[in-house]
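Note that the chains take the letters A, B, C and D in the order they are written out, and that residue 1 is the start of every chain.
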């Protein structure tokens, strides 16, 4: 009987019950997130909160009880299971309700979106997801290098600007924020250089920034082409 | 005689009459859109409205009458034709005039731009359009995946921001709007984070956003290169 | 003697005189543009104006006199030469001075930057310029297609927005301006949607806009790779 | 003994002492930059300043004393060493402390970030850094060409805008700043065209700007793909 429950949870049997369970979880996740999208606190939301938490609790217990099928380590599985990443995420989804209405924990509820990953996991991976994941894996080092480069560049520009125009930025963090918003070419316009030297730094760093933005695009494209060619 | 009309409508004969008819339709579409570009309501525009609607009506009837040549299903064609997508678009072009000056229907008039597609269809496809269409078709799944990723990312960032900075956003929709404008690096600057935590989320999501913008670029480039190579 | 002058003008001989002449022209172009960079009208600028115009006149006459070597059509060359594009640009550089201080003609002076093209022409083309020019030529049709697509998209979005939010935009031109600034992700923030429907249109069109921006990047990259492979 | 010091400095021996020395330098660089991130002048920062300068001085002397191992030119090495680029950067890191609290020299302290390059140098280069460096080297000429094109384009647009809308820009530098911020699609919105002609120029140059931004992306991607293929 426990094996049946496990195969439903993990969508092994591909049966109607399994599919219904997945749909139930999807709806539950959605209902648990909806209250976060409103400022008002409707009575309905309290109901949502209790119902969805109950479902999450049931799911948590069912998964724990069938942990030996999942981890395949006999009795030890029941001890190890609560320490796995997905189990911790599941616990985070339940906890906020027990420490009710503590606004600091409201943020924790967003962890419920993490549960969506498990739902997606169930859907059979298409060839394209596999290709994109492969590209990311193989170009991992190159992409990391670009992130290090970009971070160094943001730090340097922020430091330069903060020294040149201390009046524009309240704290160094503001300079970092400005540098990031400029490098990524978002440019809200809430903070910008006003002095001539500051504008000059902005110009040089914007132009150089294009090259840094072009790098990840180039790496991903090249990696993607490589994968396509291999598959042919 | 009906066959002649059909060959003119569909530019089968490539004759002068057929070309003139296409030009007439192009001018009619243009004239029917012009009033939308002005806030004032000139008398001339009412004339435009009646004349262009008359031409559209004539075109609609002519196409309906020759529907059997188009669909090739005998008498049934005349029943099925008004249900085809292009016939519905054509009807939408005529309707607003009959429910005159109802501003809610003003929006429907933009459907007339959809008629341009038929005019473009007539122009013989160049090799390049075929290539670009092919790229889109073959990379359809990958592009869809990127859209799902981007949507999930926008939803997540919006939810996070709305929880962290409820005072900046009136509704959750505003948070979604902010997230989209930031991810696409448009950054109007009408809404932006003001708290330190909000700015931090902005920074992280802007940098990650570049990767998501780089993905479709990479996919299209790789697909396009692939097509060029096949054609050689 | 006229042949010598021609070889100097066209840098055929690669001699010191020829190089000096090119340098002289470069300095003259620079001096003729400098006054455009200032709002004040210094006396020095009037001197610049007269001196540079004199040099441009001399250059114009010299080129006209040696037109037969350039065009190689005997006596007819002298009649045809003033009608060539570069000769018209040269004339536009001189004219504003003769209709002095007419601010409407001030704009014409910018044509002097067009003369820089001739100076660049003299510098021997590197392999890279040849490759880039080739890419542009071969992908000409595809790039044109993208421009048509982008223009249609801008027109459609502008029309939609102008109908939905007539209060935000004074004229249809403003809507076109907004659509262009949004599609290119510049996003100054001087005009933006305020209604919910308007914001929704902004979101959809921003996301679609990324694909349209990605197209030229993809086309250029694919073309460039193709050229590199051919050269190997 | 001097040879031992040199192998520690240059991380030749890969020993624990060498690694500790590198870590010490990393911490010192970080501590020397921290005060730049604050507007307040804490007493602690003065301590940081003296301690880090002492460490930098010691490092400078140790490197000078072992210069013959580094440059391999015997006694002449000791004369030549202070003239090498890295030695000048090292000197710039120390100097500001001796001319204490002169705000003009505060900017010089940022040179200390340049020291990070030496620390990075020590870390063994990954294959990816080598590839990226190769791409940059081989496409050097093409990238330079793009920078020349972009600069010419920025100059031209700025000149055009400054002539058309002199009231929007205080100086020509402001027009250059506006053109750069627009071409790179940052678009802060602190300066923008207000006249119809100005807006028209903005629209045309934004659309053309996309092509110029697409060029470096294309070049880097093509170069990167080329490198990947060579390595296979």
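Methods note: a contact is a pair of C-beta atoms (placed from the backbone, for glycine too) under 8 Å apart; a residue touches a chain by one contact, two chains touch by 3 or more.
These numbers were taken from a predicted model, which means no experiment stands behind them.
Trainee: For the homomeric pair chain B and chain C, should the interface be classed as same or different, according to whether the shared residue numbers exceed half of all numbers used?
Mentor: Interface between chain B and chain C is built from largely different residues.
Trainee: Given that chain A is a copy of chain B, what angle of rotation, in degrees and a multiple of 5, matches their CA positions?
Mentor: About 90 degrees of rotation relates the two copies.
Trainee: Counting only C-alpha atoms to place each centre, which chain is farthest from chain A?
Mentor: C
Trainee: Please tell me the distance, in whole Å, between the geometric centres of chain A and chain D computed from their C-alpha atoms.
Mentor: Once rounded, the distance between the two centres reads 32 Å.
Trainee: Distance-wise, how many Å sit between the C-alpha centres of chain B and chain D, to the nearest whole number?
Mentor: 45
Trainee: Which chain D residues sit where two or more other chains touch them?
Mentor: Only 185-189, 213, 217, 221, 223, 225 qualify.
Trainee: How about chain C: which of its residues touch chain D in the complex?
Mentor: For chain C paired with chain D, touching residues are 33, 36-39, 106-107, 109-110, 113, 116, 126-129, 131-132, 143, 147, 150, 173-174, 176-177, 180-181, 184-190, 213, 216-217, 220-221, 223-225, 228.
Trainee: Would you mind writing out the residues of chain C in touch with chain A in their complex?
Mentor: Result: residues 185, 187-189, 217, 221 of chain C touch chain A.
Trainee: Which residues of chain C touch chain B once you look at their complex with the stated criterion?
Mentor: My answer: residues 141-142, 145, 152, 155-156, 159-160, 162-164, 166, 171-172, 182, 185-189, 192, 196, 199, 202-203, 206-207, 209-211, 213-215, 217-219, 221-223, 225-226.
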